[in-house]
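Structure in structure tokens, see below.
The chains carry the letters A, B, C and D, assigned in the order they are written, with residues numbered from 1 in each.
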Amino acid sequence: MPKAAPPTGPPDPPPPADKTPPAFVASLQSAIAGSVTHVSYWVGDWTIVVPATQILNIARHLRDAPDAAFDLCSDVTATDWPPRGTGRFDVVYSLYSTRHRHRIRVKTIVGEHQPLPSVTSVWPAANWLEREIYDMFGVNFAGHPDRRRILMPEDWQGFPQRKDYPLEGPGELLMENPLDWLKLRQAKEEAEIE
Amino acid sequence: MVDTFLVPLLKIVIVLNATLVSVTYMVLLERKVIAWAQSRLGPMRVGPYGILQPVADAVKLMIKEDITPVRADKWVFTAAPIIAMVPALIVYAVIPFGPEVSLFGRQVTLYITDINVGLLYVVSVASVGVYGIILAGYASNSKYPLLASLRASAQLISYEVAVTLTLVSVILVAGSLSMVSIVRAQESAGVWFAFVQPVAFVIFFIGGLAETNRAPFDLPEAEQELTGGFHTEYSGMRFALFFLAEYANMIVVSSVATTLFFGGWLRPFPNVEALAFLDLIPSWAWFLLKSFVFLYIFIWVRATLPRYRYDQLMRLGWKVLIPLAILNLVVTGIVKVILL
Amino acid sequence: MSTPTVHHGAMFDTNELVINMGPQHPSTHGVLRVVLRLDGEKVVDADVVIGYLHRGIEKLSENRNWTQIVLLTDRMDYVAAATSNVGYCETVEKLMSLEVPRRARYVRTILCELQRIASHCLWLGTHAMDIGAMTVFLYAFRERELILDLFEEYCGARLTYNSMRIGGLPLEIPPGWDQKVLEFCKIMDAKVDEYEELLTHNRIWLERTKGVGVIDGPEAVAIGLSGPALRGSGVPRDVRKDEPYAAYDEMEFDVPIGTVGDTYDRYLVRIEEFRQSLRIIRQATEGLPEGPIVGKVPRLIKPPAGETYHAIESPKGELGYFIVSDGKSTNPYRFRVRPPSFCNLQALPRLVRGHLVADVVALIGSIDIVLGEVDR
Amino acid sequence: MGEAIAFYTIAAFVLGFAVLVVSTKDTVHSVLFLVLDFLFVAALYVLLGAQFLAAIQVLVYAGGIVVLYLFVVMLVNLKRPPETYEDPNRRGKLGFALSAAVLIELGAIAAIGYARPAPALAPPSAALPVTGNTEEVGWLLYTSYLIPFEIASMLLLVAMIGAIVLAKREL
């Protein structure tokens, strides 16, 4: 397989001319200025891109505004786009409203060490989902009540779902003590040179 | 010499062996009956229809490694199964399996002994059996067994009160504490005490289920909650002793229920001459048959009912059974005084 | 875990007992570990520790091609593998805007509902067993066996079916299979009544389940419950109705909901779902259209660049797939599963607080988790 | 003769276990020895022909009360080291005073016993052991000892209510 250049992000195409975004997107935009930086429509899903710093306010608005009423946070996940550098992660919130029965995908872009406010206070359901993102990607959730690893062992080194994580895994030793592992690898390489 | 030592000794040997064999076969019976209740076959591999399964089980349990946890209290850990087993066995001393019969030209009583406080003896010995469970839980030095043994002690003490109160109302009716006299009283009354004391019987049976840690009151050994309960840390023969003690206790409760409420060795309607042909079946066979029915009900209940929760169990014991038993006792006393 | 704290209660110093339920415990349905802090038998707090069965299915899938992933989805909810298959295939079809033939959609509906019954059978059996009713366990497994036989006849496997292809079905249904399905429906109707006879009005069952783990509708939504656990709290949320997939838009069925939101309501909801599933199976089997089973699928599956989220109603709740394609390689760029068991399990500490140890097992059973899906 | 041997053997066991009860370090073992002690006391009762008393002894003491002791001992963590320093002399003094009091009492009893030999016991009637002594105990309790019996039961009732009030403050 030819090695193509790594992608830099989803295309997020803007909606076609005959599709108008749902009304709550406009009301969100008017309630919190600058909250929606991009609206996209693809295979039937609406996506809005929002700034990471505003996420808590936006989440609260989306939950409480009567025209949005997104009371169910059905999924929070992330995608890693390493070539983007400073903002390598897409954190994606899939929201659903049990009252209006509509969906929206809220996307925000964060960097590796940039804190992202946790939405656990808005949707308690996000608690474990954010823990999993922290566990798998190392996204730095600020204000999370219980930020521990969830699926990987507590002393695991590295974040397995990142694209630059070695596919063969870190090996047994790295898991226990990364420094020993580095020394061992160095010794092995030196032995091969001789 | 023969009458004072040899005959009782022989009887003890027979009763002990019969008990132990029937206990092992109880296990098979339970597995079979439950299997039939659940549209399965049950053990089928060892011998025809799995009839030798208890032998295989016994061999397996005996050759299994006997593990003592490192931080266990070794003496108590070893003593606990013995303490559980011994009371379950020595109760049989006063169980009357039948009246006096003549055997090889000698008058032999079909019970080991008949002491005048027989019923009290049964209750008091059974009350010591709880130590086995409590100490097993304590000595294992493990959390689940400890929880289980706490449950067990609370449960056994609570239900002992209700059971003993029902026994007192039976004693009131029979006018004696001796097991044999109680059967004789039913013979002369011409009616099983289950019909004279239905409430007492029901409470006794429920209490009996709880005292033997059987479903739906099997909280101290609830596998799904406490991973096996007080015997979690036990293996091999020591575990087997607990297992056997539970079944031996079941047989005790069945025997006592038969004796107190269902006329012991008496045939049905002991005073109706028309049914005299029933005497063709020997008295001990009647006794065993009646006990077997109880054992079957024990198993049946286990296959049918879910388990009670701890607080509900306590509520049932203290708020329903004990007041009911006291009321029954009072009513029995009043009726007895009025009738006399 | 934290060391036991000492309370200075009314009169005595009482220690809290910290107890590890699992990862090897008969009622945690796999390798779930619940660290309970007990005051006597009362649960003060619970911490759920998961990840013992983590196999990195999401990471694995990002390095397999689109067709190979179907087989990995089997390994998530291994008691309802066909549902996971359908969910994945539909997500990819959505991403590629593929048209699935009507016959394939009908068979998918039948398989999903059979799978729902099988999964609920397993749930009912283990849930009842946890509460001590051992006979129901075997009865439920007896009927589950019939469903497994049907699946075996369809695709040859009994647990991990690999029963879907992107764009349709891998196999035409065997001749006479639909008749067998209808026969099964007839048997199952009677069996559901049998389960109900054993449990629904059983006093002990009522005492053990009523008022245990009560959670009201808004809170259940907030904490992320879905599926029967959410419907037990009276929220009529069912992906089959709200966002129809497969052939559910052509089916007629009701969404049962509870009133109180306790363990008993969740039990009743699932029991009623047995009946509704049978109703759907009957409709789908009797109205099974003729036609092709696979749509126009390109030889090399390579969806255009883009991302999508698609949810279906698995027996446990909302099973969602979030898949990102970069449009260049033959494997997904990002493969994410929204596992219903994982999200439902999150509510466990909230549910068990203040209840007794015996209720913990009842509640683990009541939210119906499969650790293969929780940990992936 | 045989009875005497049995009596002294059992008495020796009773005393031996009594010593073990107070000398064992492990509290649970100590409680266990107490149970054994009670069982041997019950055996002593049987030897004296008081089967009813023996059965009640086992039922109430061994089977009931000591289980509660064990309950408490298991729940209360007694392996904790002592936290506060205690005056060793004070305990010594108290122990000395108590044992002296007991010694004097024993001496006084012995002296009076010598001075006034006990009246010969009425020979046990032949009918008694056959019917059992349950009736006897019952008659005595409800005739000669009615008032002490009732007072004892009142006392127990008061203790029970007190315990409930203490344990369940929020009632």
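Please note the rule applied: a residue touches a chain if its C-beta (ideal position, glycine included) is under 8 Å from a C-beta of that chain, and two chains touch if they have at least 3 such contacts.
Please read these numbers as outputs of a predicted model, since none were measured by experiment.
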Taking each chain's C-alpha mean as its centre, the one farthest from subunit A: D
For which chain is the distance between its Cα centroid and the global protein Cα centroid smallest? C
Using CA atom averages as chain centres, what separation in Å is found between subunit C and subunit D? 62
Provide the C-alpha centroid distance between subunit A and subunit B, rounded to the nearest whole angstrom. 63
Taking each chain's centre as the mean position of its Cα atoms, how many Å separate subunit B from subunit D? 30
Centre to centre, by mean C-alpha position, how many angstrom separate subunit A and subunit D? 72
Could you check subunit B for residues that touch two or more other chains and list them? none
In subunit A, which residues are in touch with two or more of the other chains? none
Which residues of subunit B touch subunit D in the complex? 73, 75-76, 79, 115-117, 120-121, 123-128, 130-131, 134-135, 138, 146, 149-150, 153-154, 156-157, 160, 164, 177-178
Can you tell me which positions in subunit A touch subunit C when the two form their complex? 1, 4, 7, 10-11, 13, 42-45, 47, 71-75, 77, 79-80, 92, 94, 98, 101, 103, 105, 123-129, 132, 136, 149-153, 160-161, 165, 167
Residues of subunit B touching subunit C in their complex? 34, 37-40, 143-144, 147, 151, 215-216, 218-219, 222-227, 302-312
Subunit C contacts subunit B in the complex at 17, 19-20, 25-27, 41, 128-135, 138-139, 142, 198-199, 202, 204-205, 207-208, 356-361
Complex interface listing, subunit C residues touching subunit A: 50-51, 54, 56, 58-59, 63, 94-95, 97, 218, 221-224, 226, 235, 237, 242-243, 305-309, 311, 318, 320, 322, 324, 326-330, 333-334, 336, 338, 342-343, 345-346, 375-376
